[in-house]
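Shared between the two complexes below is subunit A, which has subunit B as its partner in the first and subunit C in the second.
Moving on to the complex of A and B:
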């Protein structure tokens, strides 16, 4: 008998304005299942907390965030391909534009 | 007079650079290389003020500045090239005067212009290195694409509040700005808030990167995004991979 009770732990850190809006520096997530990508993660975090102007997923789709997994920036449009695994550290940062 | 190739230094000039020539890794060789280079700074606001001041004092050969704006009083909390009396004057005009006073041995020139798809190549082609003092990703990507076309090193920097980032682009050797940001995010509808220390930190790192590239010293931030968080006091380096299907530097470009 195969019991699928796999769950994984993800550590998500928020930066700058995102941290202020999320109201915390980081979150430890215990997620059931094992085929989750960045977009799925952003959806979960978006449910958790409404931001001032839309949700995290809105911000991301508008190109206002940079996301890194284990200190490597995830290429845009390729978020779906990267399957998160147990122990991953995810950094969610706003994209600064000023000069 | 000390001469190496076509580069000639007066004794006074050597004295001016004495303290950096004494750095063992730097020496007269790096000073000569610096003097041979033409650096282009696009945007001379918060970042550009800092970048231009340090490259001028370090002794780059030629500096070209581009900015369309006039000095506004709201610039003065961070754009340290300008003072109260400069409000209303063209930034480029003020900058040329002040930088030339800082170091008469640097050939400082500038154009009051807006960089766009039509003129970017004319500016980038003439430069050995291009440094980002811009405030919009639309223009940054236009400059990035031109730097890739002409294989010119491009130092990217951007700021917001107490935060900022730096990335050094060596076209075709590492990722370009479009590998990170394929297309521009929507134009910032609100005024970007910023305190002077942030562009000072980010601009200084950009100037350092430019000096490293121009002299061939050290390991530039190629393939990395350096993220600075001023309020919480950390610098963090993230890896960036080159994107094989990047519209600017990818295989099918």
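Moving on to the complex of A and C:
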């Protein structure tokens, strides 16, 4: 894959119900620009044809997502502050329901 | 102190013996066993299917166990949780807390269970006679 200087590659993994709704376990994204946060990423993923429009961003706004970047869980309300970088691995998960 | 995510839980008696060995100061051992309930709003439950983000789940479980052990000054903690398919009536998880006195043991046990359900990336799909649903956290 050829990537120009103003693009970055992100690897996004989905879990449980989100995985079922996205119809896949993971996606490689090649996005333009280099100042994207998690909310921007969720907006892009919410346009995915396989998923009902806006679903992921709606889940986020309803507080129904748990998100990790490079296997570190991001605290609620910190999602907009963390700027993603080339090569980041993002996990998009529903809220836990173990036990 | 140890945590484990597994398809097969240890024998509960073995875990009790294990924690007993950790100190002669133990005066109470509290045991919580989570079991697959046979009914749900969807009808008769056949099984629960657990999906786990293992790396994050281990990290979070260890953090909870360490934090609770220090905060309540309990002597030892063992947490085991199933992954994969768990049939109705089967055990889902064990939380075992050993303490000097029962009070701090009960408090520590309750906090571990509550935090496990809220913070550890484990998800369950409830499969019933009439279909399935992902249980909301």
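Simple rule for what comes next: the second predicted complex is superposed on the first by the 85 of 99 C-alpha atoms of A that agree within 3 Å, B and C clash if a C-alpha of one lies under 4 Å from a C-alpha of the other, contacts with A are read in each partner's own complex, and residues count from 1 in each chain.
In the analysis below, a residue touches a chain if its C-beta (ideal position, glycine included) is under 8 Å from a C-beta of that chain, and two chains touch if they have at least 3 such contacts.
Nothing here was measured: the structure is a model prediction, and the numbers come from that model.
Superposition model on subunit A: subunit B and subunit C are shown in a clashing arrangement.
Applying the stated contact rule after C-alpha superposition, one finds that A:62 touches subunit B and leaves subunit C untouched. Of the two partner chains, neither subunit B nor subunit C is touched by A:10.
By the touch criterion stated above, A:45 is placed in contact with neither subunit B nor subunit C.
When subunit B and subunit C are set side by side, the one touching more residues of subunit A is B.
Of the two partner chains, both subunit B and subunit C are touched by A:97. In the superposed pair of complexes, A:71 makes contact with subunit B and with subunit C alike. The single stretch of subunit B with clashing C-alpha atoms against subunit C, selected from 39-47, 93-101 or 111-119, is 39-47. In the superposition on the C-alpha atoms of chain A, the part of subunit A touched by subunit B in one complex and by subunit C in the other spans residues 15-17, 66, 68, 71, 73, 91, 93-99. Residues 15-17, 20, 66, 68, 71, 73, 91, 93-99 of subunit A touch subunit C in their complex. Only residues 43, 45-48, 132-137, 157-165, 179-186, 188, 192, 194, 199, 225, 227, 229, 236-241, 243 of subunit B touch subunit A when the two sit together in their complex. On the side of subunit A, the complex with subunit B involves touching residues 15-17, 62-64, 66, 68, 71-73, 75-77, 91, 93-99. Contacts from subunit C toward subunit A in the complex involve residues 34, 50-53, 55-57, 59-60, 81, 92-93, 113, 116-125, 134-137.
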